[in-house]
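A quick write-up on the structure given underneath.
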C-alpha cells in the first residue's frame, strides 16, 4: 500500500499513457476506475497473502489458472457466474424503482423449489424438452416473482419497509424449504430414496442442454440469463414500463402526479425483480443440479447485491461483474490447493473491489483519472439537485 | 446604548468588492454594501440576482472568492455560521431553516443550547423564549411542535431564533412572501420596533411596494452586480423596477374581457385531510366556468395544497365531490382526470413537477409517455418524444443546450417553462395551476402569465391558486379567498381591493 | 423402493459386523495390519467377544499414534498424494471437517506422505468444481467430507478410477471399487451419551442442544441420546432442541440455560459450535455437559484451562480421523476396496471420551462402560435407524 | 434511500378504500375470541398445568386449568372487539383494551403450548430471562443503527461491524492476552469496542468524505468483515491454539438479587448484558436530554438548518456513526467474550440485520427499538421452549423448522400488521455537502 502512495507520481504518469492508449484505441474511458480498483484490491490482497508467508505471485498465479487456466476452467468459471447474473439483476431492477430488495437469497430458494417441484411432476417426462424446459424455467421464475412480490405488496398496502420484510422472508423460505425437503412425516417434497434431504430428481426432459461438461456444468441457461440482461436494459431504457419504474425510483411524488400508479409499480418491480432470481435458480436446478437442495443457493443472493452495486446497477455491466465475481470464487479452490491461501482472501479482495469502485475518489486520486461524469454511487437528493 | 435614529451613518456591516462564482455562474460580481446602525437596508433584485448568495456569505454559510467583509469595522473571515452568530449576525432564511419534528424551544436553542450540568435545560429555554416573545411582540408557544405551526408562526420562530442569539444585525430574506397583507403590516411594525431597539436590518425582497414602505436605504442588484443605491425618499416603484429588471417594466397584464361559458370545474362541500390526517379542506365549494380564470387567494397552509391535489386526483377526499365537465371525478386517478383534458401545474416544482435526473424531453412527456404518439406496444418512441420536445422548447422559449440535457441543469424559470409547456399543450378543457411563478424572474413571469391568459381566451377553465396577491389580482376574473379550508368569500376581480382581500385572508370575514 | 433400502441396510449391517471385528483387533493391539472394512470374508473376523478390559473406560479411545503403531512397517511410496475437500467450513472449525483433516495429517505423519492439499468448500455450488480441482492433481486418495458431497463424489469416483475416494458420511446403494463411503453409528454414540446422562442426572431431566434437523447424523445423535437415557431410566425426561445453524454458540448457550431453568442437570451438545456452546454454558453453570464428535475437553475446554471443565463428563466420540487414517493406510497397502465402511461401537469408531477432571461416580462410570460394551457386542440395540436416525417403528427407513 | 422512503409516503396516501387499522384489529380479535371460546377451550386437555417461577425441585409457581384461562383470554378479545364498534363514549377504553389484548397473546401462547405438551410445567421466569439475554446483541445493534440513522447515515453494515468487533476482540484476548484473566478480558472487550468504532469510521469516511451511497458502504463493510475475520481466525486465533477461554462471569445486582424466588434469576447476569441496559438508557438520555443529542437529531432531520445555526454537521455525523460503531463492537464482544469465550466464522448469524429490523420496528426511537429486540428475543426463546416442551397439535409435533421460523414470522406480522409505516429521520441516507 505504502509503495502505491509513494509512487503516486510515477503511477500517475504511467497511467496517463495507458489512458491515452485505452482511450484512443478502445474508447474504454469509463472502465478506468473499475480496472484500477481491481488492481488496487489485488495489491491489498497480496499484502495479506505475504503476511501469512505465502508468495502472492504463486497464489495469484494459481488463482488465475483456476479462473481461466484452460477451457474447462473458463467454462467452470462462467458456469459459476451464471446464477449471479440473476440475483444481481434482482437487486438492480428493484433499485431502479427505489426499492432495496435484499431478498434475492429467498427468491432464489422460492424459485428453485418451485422449479424442482414442477420439474419432478410425473407428467413432465411425457412432454418434449421444448415444452418441458420452458415450463420448468417459467415455474421457477413464477416462484421467484411471487416471493419477491410479497414484500412489494406489503410495502404498497401497509407501508412495511421492504428491507425488513425481505430479511424476514429470506429466513421464512429457508426454514420452509428445509422442512419440505427434509420432512418424512409427512413427505412433502423429499426424495425418499435419498439419504440426503433433497427433492426428487427432475424429469430428463426438463434438463437444460449442456454446453460444456465442466464443473459446474455450463448449460444453455447462460444464454437465458445473459439474454435477460439485454432484455432488462431494453425494458428499462426503452419501454413505458421501464420509464414508470425509473420515474417511481427517482421521484415517486412526481410519478404519482404524472398518473403512474405508484403502488402497482412497486409491486410489479418487486415481482419482476424476484423473477430474475427465480429464473436463475430454475436454470441451475434444470441445468446443473437436477434436484433442489436448500443449501445450493447459500450466499448467492447476498453476493448478488455486491455484484449489482459493482455494476452500478447497469444490467449489461452486471454480466461482466458477475463473471469477475464468479470466476474469482471458482478460481479460489486452486489457490488454496496450490498455495494454501483460503477463500477468505478472495472475499477480502472482493470487498476491496467494491470499496474502490464505490469510493472512486480514492482511485481517481491515486491514478489521476479525471471525473468522467457523476458517479451513480453518489446519492443525489432530489431537492438538492434542483 | 444610545438611541440612534434612522440614517445615523455609523456602519455596523461593510461589504466590499465581494465576488463569488459557482460552477458556470458568477453569483456576485464585485458587490459592495454598507449597513448602518439602526437602519433598514433593503436589498432589492429579481430572483437569481445574487441577493441570497451575498447574504449567505455575510452569514458565514458561503465563503467569498474575493473581497472583504467588516463587522463593526473589523475584518472577518467566517468559517461557518456559528462564527457569524457569535458576531451578532442573525439571518431569517427565505426557506425556513427549522426542524419540523422539534418543538419551538428546541429549534430556538439548537446550536446555542442552554444547559444545566450536562443536560438540556428546557425550562430556562422556555422562560427565555417567552421573555423574548414579550419584548418584541412575537407570540410563540415554546412547546408547540414546529411542523404543526402555520408559516406565519414559523417565521416568528425564526425571528426569535435570531434574537435569542443576541443578533443585532438581522438579515431577513424575503420575509413577507408567506404573509397576508395584514400580517405584512404587523411584521413591518415588528421590524420598526427592532430598529428602535438598536438592531440593524438587511431586508431582502423583490416587492417594490414593501421596499418603499419600510426601507431607509435601498441597494439594487442585477445579475450579481450592484446597479444602484438609493433611498426610499428618492425612489419610485417605476424607477426601482427599471433598475431591477434593466428595462421598462409593464405592471399591468393586458387581457380582454372574460367570456365565461358553461361550468367546467365544480367542487361541492369538499373535505380533505393532509398527510398527518388533519382536515385542512373542510366544506369547500367552487365553480369555474369555461373561459374564465378563478383565482384562489389565501395565506399558505389554509388548504390550498390539499385542495389542488384532490381536484387533480392525487389525494383522496374524505367527503364532498368534485365534478369536471359534468362527470363526477371524485376519487378518480390523476391519469383519468388528466385524460379528461385537465392540466395541472403543481405547486411544488421539484417534488411533483419534474424528475430532476430525467432529460428535458422525458420531463416534457412525463404524464403523456404512454400516449400512442410517444409509445407503441409499450416501446417508447424516442424520436417522436425528442421531436415533440424540440418543438415545445422552441414554442415556450426554454433556454437549454438541448432537449437531452438533464432538467436539473436548467434554471428554475426554465424548469417552470418546461412544466408549463407540458401542461399547456394538447386538447385542454381545464387548467389547475398552483403558484405558477414562484421564484421566477420578471421575464418568465410575464411569459407564463401571457400563456395562461391565452388559454383562458381559448375557452379553458382556469383555477389559479397563488400566494402572490398581485398575481391573483392581475390575472383573475373572479377571486375567491381560501380561509381555513373554506371559501371565505368570492369577489369579481374588477371590484376587488387589496384591503378587502387582505381582511378576508386574515380573518375569513368580509368587512 | 423401501424394500431395496432394507436389503441394503442388511448388507450394510453385515459389513458393519466385519468392520467391528477389525476394530477390536486394534484394541487388543495384537493384530497386524488391520484388514479393511470391505474385504469381507466373515471368517477372517476375530471373535468380537474379546471385550475390552473393564477399567479401560478411556482405553477404548485409541490415539492415532497407537493406530499408527498397529500399522507398523508401512511406508507411503514417493509421490503418494492425499487430497481433501471439506464440506462447507474449514479444517480448523472443530467439526468433522477438522477431524477428517486430523486423520489425514496423522496418516501423513505416520506413513511419510509428503504431498497433501486441502480445499475448503465455501458454497454448495462449489462441490463438483472443488472435487474436480482436487482430482486434477491426480492424488492417490481423495477424502471428501460430508453427506452432501455424496452425489458429486460418486460421479467423480466413476470418472477417475485411478483415485481412491474416501467419502465421510456418504451412503449409497452401490459403490465403485475406488470409493469407500464411511458411515458412523452416531445413534450408538448418542445412546452412550444418553446412558451417561441418565446415570449422572439427579433431577430426572436431561437435555440435548442439537444442530440442524435436516442433517441425518444430528438426528441420529439426538434420538440415540433419548433412547440411551431411557434405557437407563425409563422415566427420564429428555428435552431436545434443534437449531438453525451450526455456528451459533450463543444460541446453544441460551438453549442450555432454558433446559437448566426447567430442571435439566445434564446437557449433551450435538451440533458443532452451537452444541459446544450449550455444553460449555451448562458446565459453567454447574450442570453436567457431554460433548460430541471428539473429546471436547481439548477443544471446547482448551485442555482443562477453560472454566467448567470439571463438569465436562465426557464426549460421544465419532472417530472420523480413524476412518480416514485406516482407509489411507489401506490405500497405501493396496487393499483399498470400495463399499461401506462403518464405524461402530464394536470397532471403537464410536466410543466416549475419558472423564478427565470430572468427578463421575463409579456407578455412572460403570453403567456407561457397560452400555458401550453392550452396544459393542450387540447385546444392546439402540432402537434407532442407522440411516435416517428416526426411531425404528416410527416411520424410519429401517421399518 | 431518499426515494425509497418517499415511495412509502406515496404508497400510503394513494391507497384508498382501506379499512382502517383499528377496525381490522377489532375484527381479528373478535374472530380469535370466538375461536378460542368455542373451538379451542373445549378441545384442549383440562388436566392442570403449572407455571414455575424457578427451577425444580419444588419450584414456586402457579397451577392453572388451561381451558379456563383460554376462555378468559377469549372473553377479553371479544370485549376488545366489541369496544372497537361501541358508541364513541366507550371508545376511550378501546385503545387500552387493544394493548391489553395484544399483551395477552403472550400468556395465551404459553398456556396453549403447555396444554398441548406432555410436560405439566415450565419455568416462565427463565423464559423471559433468556429472551432478554438473546435480545442483548439485537438491542445493542439497534442502538448502533439509531445513532447512525438519527444523524443521517443509514447503516446496513451493523452485522459486519459486530462481527469485526467479535473477531478482533477475541483475537486480542487469545493472542495478546491469555484468554484467562479478567484484566485481559476487559482489555479485549475494550478492543472489541474500539474495533467496532474503527469499522464504523470506515463507513463514515466513505459516506461523509467520499459521498458513497451509504448502502454500498454497508455492503462493503459486511463483505470485508466476513473475509477479514475468517482470515484472522484461521491465521491467528487457531494458530495461537487458544480457541476458547474464560468469558465474563455473572453477578447479581446488590439487594435486588436477594429477592426471593425470582431475584437470583432475574437480577443475575453478565456484564455486557447489564451494559446493554446502560446503553439503551444512556442512548435515550443523551439523545433526548443533552445538547449533543439535540444536534445529532437535527443532523438527521434537516442538516442544512443545523448548519445555519453553526452546528458542524460533518463532525456530528462522524461522532455519531463512530459512537454507533463502538456500541456494535460491544455487541460483538457479547458474542465472542460473554455468551461464549470463542470465535466462530460468521458467528453473529445475521443479528445485525435483525437489529436493523428492530430499529425500523421501533420507529427509530430507543425504547421502540429495544422493544423490537425484545420481541425478537422472546419469540426466539419461545421457539426453543415450544420445541423442547414437545408441543403437539392434533397428534403432530410442530416441525423444528417452523419453530425456528417463529421470530421471523412474528416480526413480519407485527411490522406489516400492527406497526405499519414508520417514518425514518428525514435526512437519513442523504449525503450532506457543506456550503462553500
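Lettered A, B, C and D in written order, each chain numbered from 1.
The rule we apply is simple: a residue touches a chain if its C-beta (ideal position, glycine included) is under 8 Å from a C-beta of that chain, and two chains touch if they have at least 3 such contacts.
Everything quoted here is computed from the prediction, not taken from an experiment.
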item: Chain pair with the most C-beta contacts; value: A-D
item: Chain located farthest away, centre of subunit D as origin (C-alpha); value: B
item: Between subunit D and subunit A, distance of the C-alpha-averaged centres to the nearest whole Å; value: 30
item: Mean-CA-position distance for subunit D and subunit B (Å); value: 45
item: Distance between the centres, which are taken as Cα means, of subunit B and subunit A, whole angstrom; value: 47
item: Whole-Å gap between the CA centroids of subunit B and subunit C; value: 78
item: Residues of subunit C engaged with two or more neighbouring chains; value: 90, 213-214, 244
item: Overlap residues in subunit A, where contacts from two or more other chains coincide; value: 175, 178, 182, 250-251, 253, 255-256, 261, 342, 382
item: Set of subunit D residues in contact with two or more other chains; value: 9, 13-14, 230, 234, 399, 401, 404
item: Which pairs of chains touch, using the document's own definition; value: A-B, A-C, A-D, B-D, C-D
item: Residue ranges of subunit A touching subunit B (in the complex, touch as defined); value: 238-241, 243-244, 246-247, 250-251, 253-261, 380, 382-383, 385-386
item: Subunit A contact footprint on subunit D (complex, rising order); value: 1-4, 6-15, 18, 156, 206, 210-217, 219-220, 222-224, 226-228, 230-231, 234-235, 350, 353-354, 356-357, 360-361, 399, 401-402, 404-405, 408-409, 411-412, 415-417, 419-422, 429-431, 433
item: Footprint of subunit C on subunit D - complex, ascending; value: 52, 55-57, 119, 122-123, 125-127, 129-130, 133-134, 137, 179-180, 230, 233-234, 238, 242-247, 265, 334-335, 339-342, 344-347, 349, 380-381, 384-385, 387-388, 399-401, 404
item: Residue numbers on subunit A that touch subunit C, as the complex places them; value: 66, 72, 76, 80, 83, 175, 178, 181-182, 184-185, 192-193, 195-197, 215-216, 284, 293-300, 329-330, 332-334, 336-338, 340, 342-343
item: List of subunit B residues in touch with subunit A within their complex; value: 312, 314, 333-336, 338, 344, 346, 348-358, 362, 366-367, 369-370, 375, 378-380, 382, 408, 412, 415
